[in-house]
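In what follows, a structure is listed as structure tokens, so that the remarks can point back to it.
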């Protein structure tokens, strides 16, 4: 009888058998280094910044504030994957330059998305970490190509990817020799429409059960609702996440992209206070 | 452009407008009393016990142990909804009697499932709280009938129910004059097969946003995997849940039902230690 | 490698092994008789009528017209499962009486929904076939109880039930000695919101592959859109369905329930012409 | 009350308002020409061939047979998107050359998948139609780039894409000046595991309701089961599809990829006979 639809541990292990690197054969969990920031160690790493880079003022003001409040990496999109060709598509290389400049000013390393194999070279010139977004998790040429760089990679789960497919996507990167991969749960698509996606926090313990890679959570895309981000950020840390990536904007109501899910600067500052207590309660820390 | 599929607050409020009770018009969150236990106040309430009542020994040993470790309500099924007519269907009234006897011995009030309008009378004789299970969340005659009793009700979200449908199901109970309803998130059905269900923890802040009723979480059914229950139990409390309901069995490997997702007695004891720290980190307590 | 998530035939057969009746061990497909109408033979059987019985005029005008256009069974709800307690809940026994009267007048047997074990007796007095609706597919006491009657049963698939769970629900009825069960695919819940449900027509060949029971399709609930009903009705017959159940209303724009998905009388008449040609193309007929 | 989750026509039209080309403002449905084959006219166009090009023998034998049985376009993958980096990834340019050669020999135009912007130039040299696969439906740089070619494009629906997102993906192509786009429904991901995907045939009438582009269906990926392909192929034509794309292999049991869902040559021949009758029943034809 298939009373439940759970795959047995053995089935999951069998399916992962060909994976040479995304598994638990390594005795220690992987540590991923983004410049001097270590993801996967005892410290909970917070990545924060705007959805899209819009202007120097926007980026710099946001970066300075999140840095003061213990964010360790700056996020910001220069190439934006938008459902409609008529939506704002990002500033491109101009945005990358702003990220670099603000990174130098604040000391925060930067992570930004790459959507096309042809963009990798230019993005590598400016960014400290490459993001492969949810819509590209199944884009195998892109995965292979970022696997050939020596930049750490933030790999987001496809919005309808199984845990197994997610790990196999990581394997595409690792198979090319790049073992600096961070997995990011960012919400999956379900029948529920009160939130933008359904944040699958059980992915955190499951990915850690099956793989040695660090796991972070994106409660901004995971919920689509800024008022809900704090509750889910706390839950993610309690579930064992190694970090969070969150959208923060100095003027959320004026954001060109995803303002509905962006925290304001004071909201972010408050949340970081709350997260410190959760981190301690699970034996971790936010420095 | 429908860039996102989120319903606006206004749409959700409009849809809930006819709900006379399941909403925020009451200035204070509801407190639900199960004998002298209060759900919805500052204390996190833990409900624990076996999936199904199997024998006096099993029930009593489990109950004594979870009670020692600060569980406040005993769970145990006498009438079991099983996918197959050839699976164990529960002990029926004999099981109810065991629940009553163990309740008297340990002082723990008991919650047990009612599946049929014709069972309500007998279940009310033995139980302190009625559970309407996930498979019956859309069973409107049953909802109305438990709404006519004066027992508190634990209403589990249907595995396929939207947040809106879940609140409307609660409204069926409230509309009959019974305002002692606790909502329980227990996982929804998605494409993901590595867990039994996908535990939707964003339901916790969303339900509290839209309703005044207490909200608890069932990480046992929500994951189907006992090793994952602790991570998700902690996450649920961090997300703001008012309590948890968990399956605990004195010999999980011998359980007639759902042993794969049941905690052993020592696992439960350890988890309760960890939960105390999370509760404190969010300004709550486990007494 | 689990490259695909399909369960092998062997896995599905294993899971159905305990099913004593819902399987292919019988050499012949089952024929279900509703008075003198046979479902599961060479004739495609069309069930039509309003979502809810509203008045004698509405029911009688609709029934006379669909009968003239070769519908063979009349549908109409007297007890209506509604998401909200404040929506129209059906006329109850008064509605059953209207169904009986119109059945006598037109010669059409009637099928109507039963939602509660306590309603079965009264519904059996008036109806020729009992419907168990989508929301009650997991209501095991109800399934057992209709299994104890000697009325044929129309069992609708739960909106989030797997094929296996659907067959096990049928098994609950058959296990009580009632082998007159017709399975009905009526759309499942997915992420897609442009239709009310996603009509899973692959359920038709799959159910026929695994079971000997007749299978019909409900394109009205399956799509929620009256203009889409004809396309999906034709597709269902082409896929091998033994019949269709469709909502038809003499004044759809005034319907108290589901008018958006009801065909008008002329639309139904036109569709029946088109369906005759599809039935012939697959070696069946509409008489 | 949001009793149903259907978006109103007005909402869908609003969301499509910025779409300059994927809509019904054109008085006539689009005709897409692949060499001298017209998709979108009265003729139902059948595309057939192996999942992956494996050898000249395999491709040629299959092509000759499907051509004799009225397939009008040859399919075959040279670049294969595989979940695992350790699975067969296709023959690359060597496979493209085989496609070209067999195309010349049989007179069938060929469609093949392009996965990376850098592959477009070489694929255009050999193929008559470019396929953008399900995993790349959200790959906006790729969509734009195929929009800059003057080859017709077969765009498959993402396994997780809403109808709206699907049309917006087509809009990315059209916005670059290429209006020769055929939409292909190929199954969506749901909770159901008895089939590989859930073939959403309601997408056919919905896409034709909202757009002027031709719509075809892929019952091979849509079901994952070769024995189910005929039933769903017939259903697709009955639902109004302008064509089908199906996997056919001269030795399915030896296929390097997706043999489980491939028709054998005799199975394909038989199906084409059956499809002719369905096409006639809906006023179309297979020549």
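When the chains are written out, they are named A, B, C and D in that same order, and each has its own residue count from 1.
Just so it is clear, a contact is a pair of C-beta atoms (placed from the backbone, for glycine too) under 8 Å apart; a residue touches a chain by one contact, two chains touch by 3 or more.
Every value quoted in this text rests on a predicted model; they were computed, and no experiment measured them.
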item: Far-end chain from subunit C, centres as C-alpha averages; value: A
item: Pair exhibiting more inter-chain C-beta contacts, A-C or A-D; value: A-D
item: Subunit A and subunit D, separation of their C-alpha mean positions in angstrom; value: 33
item: Length of the line joining the C-alpha centres of subunit A and subunit C, rounded to whole Å; value: 46
item: Interface hub residues of subunit B, defined as touching at least two other chains; value: 1, 5, 7, 18, 82-84, 160, 162, 164, 189-191, 193
item: Partner subunit C, residues of subunit A touching it in the complex; value: 1-2, 5, 7, 11, 14-15, 18, 160, 162, 164, 189-191, 193
item: Residues of subunit B that touch subunit C when the two form their complex; value: 5, 18, 81-86, 115-119, 135-136, 138-142, 144, 159-160, 164-165, 168, 171-172, 175, 189, 193
item: Contacting residues of subunit D [partner subunit C, same complex]; value: 1, 3-7, 12, 82-84, 87, 160, 162-164, 188, 190-196, 198-202, 204-206, 209, 222-225, 227-228, 231-232, 234-240, 260, 274, 277-278, 280-282
